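As written, the chains take the letters A, B and C, and residue 1 is the first residue of each chain.
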Amino acid sequence: MFIQIVDLLGTIAFAISGALIAMNKRMDPFGVLIISFVTAVGGGTLRDVMIGIEPVSWMRNMTFVYVIIGSATFAVIIRKRISYLLKSLFLFDTIGIGLYTVVGIETGLVAGLHPVICIAMGTMTACFGGVVRDTLCNEIPVIFREEIYATACILGGMTYFLLLQFFEDRNYLFIIAGLVVIIIRLVAVRFKISLPSLYKSEDE
Amino acid sequence: MFIQIVDLLGTIAFAISGALIAMNKRMDPFGVLIISFVTAVGGGTLRDVMIGIEPVSWMRNMTFVYVIIGSATFAVIIRKRISYLLKSLFLFDTIGIGLYTVVGIETGLVAGLHPVICIAMGTMTACFGGVVRDTLCNEIPVIFREEIYATACILGGMTYFLLLQFFEDRNYLFIIAGLVVIIIRLVAVRFKISLPSLYKSEDE
Amino acid sequence: MFIQIVDLLGTIAFAISGALIAMNKRMDPFGVLIISFVTAVGGGTLRDVMIGIEPVSWMRNMTFVYVIIGSATFAVIIRKRISYLLKSLFLFDTIGIGLYTVVGIETGLVAGLHPVICIAMGTMTACFGGVVRDTLCNEIPVIFREEIYATACILGGMTYFLLLQFFEDRNYLFIIAGLVVIIIRLVAVRFKISLPSLYKSEDE
């Protein structure tokens, strides 16, 4: 139940982020809807297909389809009031990866997968929708840019499994893991923090 | 039976469109065959994998493999007689999306999916092969260009389910839906019609 | 047993090739790990998903995960001693496609697929990891370059099924097929051999 709410919130965040970037690319209404949809369900679809959950989640639950259509419409209506499209995009994207990391880990746990694989599933759920969105919109995909992105998801996932050794309430742990992802990314972008590249140190 | 013929015709159209663009890119014979193959089966493969029809359709039916090899060979042989490679490409591509939209909807219906999901399956079956073809050939994917493409598939799918309220013969409806897709795209490209972008109206 | 060793060796080769190109792109440690992982499991994942082997192989066998993490770490440690990063990349990539072509064919045979489909599975297993690696690293994918790449895999696969008419020991045939792939690619790159394009002959 709890995880379904998190999934829906992530869906809303990514559907809005997809609609914003598509409008920014001057796409027509159907284009905006398609990008919104792909951004919201891309990561989860890849995860479900690789685990073998088929038909994939969003096909069996029309709630997601309606929520995405609603979120995209909402983004279209309020677009004049959003002064800083790109800033909002960053915010919704960051909330999205935090929520989706948690959803991906939970899906992996339910399928009985190893913790390392669960962290991979969480990272994939969080990052892949944005990669497809950026690729289809002819933007440089987020994970290429000089920022901590997938790394935040991996660290959030590690935090979850570390805390699992000491605590038992998974719902609380999910909230903490999601917040870790969001805070790491916000702090990294705010203070321009990035991990050292391995190439540079080679030159020394 | 009827839908299998439509599927085969769509396969021929897309296999030829793939071979044409690959030859245009000066690919070697195996490259032409691979692009021809990917264009013809790309959309259906994604659809089958997401619904859970595995091994995917073309792996279980060698007819498709032989038809694709034959179509690619045919395109190679007649290439000197095709004066306007790009014009033919447009034609085969448009026929392809019309036929594949119908095949995708039918596959969704057989799997018992919701009409909205069926339309999404139709659009995906029609558009994804071309996207992979263009990406592998380093072309700007068709759906990015300033034309009605995926929109035509969505409108064709909507027509199908609207008419289903009044008529019962699905084969006739499939023909109408496929023609709607083809005509909308032909008219849109001919008269340079496109839906208004949502971004522009924001500036007003 | 034999094929599992081949699979592990291919995994090591591709994990190292992925780590090398990621370091060359100045990625951070987590970026290097992700590219290493994607390169090593990309082709096999696509193959498993299309055949319907789910959860995909590497999720059910932690050996692969540990081998990839180990190979990536090894590549990071010895990077200063590798004078010619690109040359090593070419070598590991070529060994990788030879080994993976064989693994893909064997997986197809076990699933009871037609020889032509098995060759397609081998080619896909071999080529797709590299395509994803290059796409994520913003490089021109290997299969676009003017070299024999997928063609080597197809010819290796054909050799396997031709020899199967005369010999019975599949392990020996796998070794021969893998070597055919590697030798064709090495010779083609060394002597700048490529198949004639079909476009050129059109101009004559």
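Methods note: contacts are C-beta pairs under 8 Å (C-beta built on N, C-alpha and C of every residue); 3 or more make two chains touch, one makes a residue touch a chain.
Remember, it's a predicted structure, so these values are computed and weren't measured experimentally.
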Mutual neighbours - chains that touch chain A and chain B alike: C
Copies chain C and chain A - interface residue numbers shared by over half, same or different: different
Copies chain B and chain C - rotation angle from C-alpha fit, nearest 5 degrees: 120
Gap in Å, rounded to a whole number, between the CA centres of chain C and chain A: 30
Multi-partner residues of chain C (each touching 2 or more other chains): 49, 52, 54
Of all residues in chain C, those that touch chain B in their complex: 49-52, 54, 111, 113-114, 116-117, 120, 123, 140-141, 143-144, 148, 150-151, 154, 194-200, 202
Complex contact set, residues of chain B against chain C: 23-32, 34, 37, 45, 49, 52, 54-56, 59, 62, 65, 76, 79-80, 136, 138
